[in-house]
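Going in written order, the chains are labelled A, B, C and D, and every chain counts its residues from 1.
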Amino acid sequence: MPAKPMTYWNYIKVEELLALQSGLEGEDTMRNDEVMFVVVHQIDELWFKLALRELVLIRDLFAQRHVAEQSLSSAVRGLRRTVLLFGQVASHFALMETLTTRDYLAFRDKLYPASGFQSAQLREIEIIMGLQSADRIPLGHETYLRALQNPDGSPSPASRRVQARLEDLPSLRVALDEWLYRTPIDGSLPDDIGDEEHVRGVAEGFIEAHAREIDRNRQRAMSEALTPEDRERLDARYLREAESTRAFLLAEDLPEDTSADERSRRARIRAALLFIESYRELPLLAWPREVIDSIVALEQAFVIFRQRHARMVERVIGRRTGTGGSAGVEYLDQTALKYRVFRDVWAVRTLLLRQSALPELQNPSYYGFVAADDDTNA
Amino acid sequence: MPAKPMTYWNYIKVEELLALQSGLEGEDTMRNDEVMFVVVHQIDELWFKLALRELVLIRDLFAQRHVAEQSLSSAVRGLRRTVLLFGQVASHFALMETLTTRDYLAFRDKLYPASGFQSAQLREIEIIMGLQSADRIPLGHETYLRALQNPDGSPSPASRRVQARLEDLPSLRVALDEWLYRTPIDGSLPDDIGDEEHVRGVAEGFIEAHAREIDRNRQRAMSEALTPEDRERLDARYLREAESTRAFLLAEDLPEDTSADERSRRARIRAALLFIESYRELPLLAWPREVIDSIVALEQAFVIFRQRHARMVERVIGRRTGTGGSAGVEYLDQTALKYRVFRDVWAVRTLLLRQSALPELQNPSYYGFVAADDDTNA
Amino acid sequence: MPAKPMTYWNYIKVEELLALQSGLEGEDTMRNDEVMFVVVHQIDELWFKLALRELVLIRDLFAQRHVAEQSLSSAVRGLRRTVLLFGQVASHFALMETLTTRDYLAFRDKLYPASGFQSAQLREIEIIMGLQSADRIPLGHETYLRALQNPDGSPSPASRRVQARLEDLPSLRVALDEWLYRTPIDGSLPDDIGDEEHVRGVAEGFIEAHAREIDRNRQRAMSEALTPEDRERLDARYLREAESTRAFLLAEDLPEDTSADERSRRARIRAALLFIESYRELPLLAWPREVIDSIVALEQAFVIFRQRHARMVERVIGRRTGTGGSAGVEYLDQTALKYRVFRDVWAVRTLLLRQSALPELQNPSYYGFVAADDDTNA
Amino acid sequence: MPAKPMTYWNYIKVEELLALQSGLEGEDTMRNDEVMFVVVHQIDELWFKLALRELVLIRDLFAQRHVAEQSLSSAVRGLRRTVLLFGQVASHFALMETLTTRDYLAFRDKLYPASGFQSAQLREIEIIMGLQSADRIPLGHETYLRALQNPDGSPSPASRRVQARLEDLPSLRVALDEWLYRTPIDGSLPDDIGDEEHVRGVAEGFIEAHAREIDRNRQRAMSEALTPEDRERLDARYLREAESTRAFLLAEDLPEDTSADERSRRARIRAALLFIESYRELPLLAWPREVIDSIVALEQAFVIFRQRHARMVERVIGRRTGTGGSAGVEYLDQTALKYRVFRDVWAVRTLLLRQSALPELQNPSYYGFVAADDDTNA
């Protein structure tokens, strides 16, 4: 027996969907402003759901013991889609700003003490990306987990979602680090004999090249400095820059009690990031490089969303205390500045060199195509 | 007894909402591509709901026998919000384009014969705006109403919605015409003695000014025309332009069997549009002019949405036949070009004159503020 | 003799324009990345020029002793255009981000010590809006004016532009304050007898209404607070809010040495802002209210531009020191958070009340249309 | 001797740039509206210049006899940048719409007979992409080349630019075809013995798979068709679809007088497009597939720009005749619908199959990485 023919309204569940905007008191008594307020938050949640699904899939991909090269382009596609999703959410703020302060106040009281901070999925996105609880800025007097529970402290659908996500390991950041750790660096793999020395050699080569660039800039700046104080200041700055580059690439900036193994692992991850970004023309590195670039775009899109959120709140309600009790605008702006998940990825950008200043590779052919030596040109 | 404290998840109905993306077979077996496909359509429906609510409210406002001047700024706010809503919907297409042809085909078959043409709310928006059934381009072999019914021809939730909307009169276009009809034109109201002659005088004054402008342009073009054929062609074109302006403003372009009353009514509406746009600096006309401008922006935003829709379909599925049996891209592009609701509003743009060429008014003080003659300046 | 017929290339000066992208060394040796870098900055300057022209025109309008009501809609149009202009500039950052770090570094050295901080027009925009020199965050070791001079300290085209703008008074903020000061508040003008008491009465009425709202919120929050500490904290917060509202509206927050006149003037300006936003339905207030809303949109658009700028710099060059010697990303983020020109406009948003909590007016008819009492409805 | 230190104003040529907005009569007498009109066109030209440089570079790349795989990611980057550039130009229309009809008319007369159709660079972009002169829609009574000359018919800077571009061969379309022609199809290259049969076999395999899909859809649709007429209509449609797929892939749709060689060449190009899109997971095809996708995005962005252009013109001036004598809005809308450069790329989208319906390959390993068989995972 054939299934009933499909209809748009069954597939999209239109009627069920359009019955969910009744807020507290029923849609008939709600003004358009409030219905819009409800709908925009619902749409945010729908975008968040998609973003979460993409992030989980990408995390699963990198969490494998072996990541097939062929799958990287699909990871990149997923990351780019997530960037677009964050962009969609950010674009709602202009719409929300059609709500004037006075008109928002007409129904704001009813919401107390509910708050956008109670969006479980937004917290889940932070968690799956890899934001650590210790890095969170406290939200008023209570923890973010408490804010997600029912007012009486019992578990809520929101707190249950977040709790489950906290246990859904690894985060994308950790999975990506694992994958980065296994990058062949100038032809050497972690299990290869002598890999640690080889990688150290690559890092030292880069550190030297970097120092040469810095010295070049220093000399130029010096020739134009007008006073001895200027020269001293410049000298000190460039010295600091060279030292911090070395410390970062050799992982000497980690806490003192870091084990030698962990330090060496971290150094390899950072060397891999630098290697991928610096030699991106090698065929085997082209997609890893797109992965890194998409990760930067992902975190950037999230920060842009946070800052745009702060601007909307500032415009619609000013600097008053949020319904959830937070400091509102300032809290949002601070999370935008302080929350960074992929710190090493960002840090590496500060070290990159122009192409002509890069050390030469020993094993570029390792990164080629089977068909590359033929005179083919697909 | 105090009500239970509000939570975000109860107010937004997060859990109910996130349970609606199971499509046909349950979410667990769906790939991200399909979930995104479902979610984007759900979000479209949510934006459409808001747009409909705004359009109904604005229609209600203009459908009153007396429209308070104070309420015009809120009508403008509603229209501008609707423009933003259409913009949101249009912005989803870039996201939808992250779905590649091949990946869309992986689940497309299941949808047959469902189709986006079965969105009741999109049809409702067209209806409440004032699109007339006779102006619709046929969708394959069946009427748009048939496409909204169940496959067996019985009424569906979609067809019931559209049926109800067809009976929800007047449309915004008709309500707006009523309001425009009552515009004081150079101080004269429809019920004033001699109004028809007065309005005709204003129209004739404009027609003359318009003819002078055309003649000015004609002479300039003539002086630069190189051949007698060019001159003839120019002469003919400018003559045609002058004649069609006259015919339009005196409503002589209506079908022959139009009653004199209806012709005079239409002429007054067109004169009102011209008057409002031409003398927009008069305080009493400032908001009506924003209304007209927002109506233009509304219809434009809808056309932009239609054309962007066609571009997405062309990109994702090419020129193949739609799941609903339509000619796909071409149908969408044709609706964008042919569907225009506020035809007189658009037509007036083609006639407007630069400010210095406008006839002078007899009664500008009619359109002022109580406090305007004082040297106040709020 | 007739003028030569106009051509696009003469009017737009296409050839002259397309000859200006040779950078330092001539276009032939420049890579596309660098040409794009030059062009984007040129386009920024062109948008800035338009923004400056709009801001000057709006400033001139409000700097008049009498601002005709009819001209407010054109001021609003100018402000909205400027908002779009800032949006255009912000939209370039996504394009600039197609420049990878490594490729930017290929030509970055040549630019030293030039820097985007040397854009005179951006400084002029800040100055004409009303940013005060004392509020600027120092840019490294030198003043912003020094950065605009030639490297040897002599005046440059940039420093001359900024110097001239510093003398081009008043700023938009000051001109707007003058206009706000003259707002009729519940029918009373500054020169009217008893105006100061009248305005004070309106302010006190609002302060009382505000206190009632706060108390309402306080009681609600108290009933849900769980611990005595929570209750104490809430009590303190709401008390603080009531006090700061009073201080702000009576201008008691100004420095101690402020003259009574200046304090009364400031109180009147703040009352006017509150009055316009609270009673925006009154016909005479409809456009002033759009002015205020557009000012908020203007400053917001500028902050959004600043934050997006910081994100682009962070993405392309990371946290390295700027070519001009600044701390780069952090400096940009700090200016976004700290620079606010229209502080009173923003502060008032934090005080607004929902419509039903507002005190009633004594003289609403003062704000009507001449034609309003007739049963007309243009 | 060291060079003079660089300044922003010298590098960007700020002063020269800001001196170019004087239009016809000098900036002092121009209103902001007209200065904006000039500046927006100047900025369009600057974006066009960048787009042209990118397109030329990409064309040069594909015009090589051997295109290194490593260079494809840079071609994709260039194409994506061009898409963003077209997006920037399209975003100006919202700004242009702040110009009201009446205010545009205040200076429009002066422009006659100049026109945006005289933008040489826009024509150059069409030419370098590969639009053929024969495909152009006539612009009124004169050729597009005549419109670019001086009014007296002598060569102008614009006509000289376009003439030079017409001689700058090949177009991107032609260069891309050359590159596509050389694609290894299931491991076979054009010069390989038996390549023609091999490619024909791949095409036939696809044609069969395609026919199976069509039959599947046909049967499904038949089971739900209600009347014999419906069934006949469906039968005919699906038959037509199968036949046109076969004709397209075997290049049987070319004009009768096409040589066998040319027919076989065209069939190979189309097979290559189909092959790349269908088996995009193969490492060697990942970047070619991004190239194809970016070409689609490029042409789409151009069409979106054209349609948005039509909407702006319709809004600002209505349906009146353009200053250059064209039919304005309708002409613009027609070019958007009719001008397509990469027709085969678009046509292939209509044929693609879902992954599980694709024939299996014989030589997938041909498309792998050197390092792929190791258990590495960069």
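One rule holds in what follows: contacts are C-beta pairs under 8 Å (C-beta built on N, C-alpha and C of every residue); 3 or more make two chains touch, one makes a residue touch a chain.
Since the model is a prediction, treat every value here as computed from it, not as a measurement.
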Remotest chain, chain C as reference, centres from CA atoms: D
Pair with more cross-chain C-beta pairs in contact, given B-D and B-C: B-D
Separation of chain A from chain B, taking each centre as the mean of its C-alpha atoms, in whole Å: 41
Euclidean distance of C-alpha centroids - chain B vs chain C, Å: 33
Chain B: positions in contact with at least two other chains: 5, 112-113, 151, 224, 280
Complex contacts: residues of chain D adjacent to chain C: 4-18, 20-21, 23-24, 32, 35-36, 38-39, 41-43, 45-47, 49-50, 53-54, 57, 77-78, 80-81, 84-85, 88, 91-92, 94-95, 98, 110-121, 150-151, 156-158
Complex contacts: residues of chain C adjacent to chain B: 2, 5, 66-70, 73, 179, 182-184, 189, 223-224, 276, 280-288, 290, 365-372, 375-378
Touch list for chain B against partner chain D, complex: 100-103, 105-106, 108-109, 112-113, 141, 151, 216-217, 220-221, 224, 230, 233, 237, 241, 277-278, 280, 293, 296-297, 300, 303-304, 307-308, 311, 314-321, 333, 336-337, 346-356
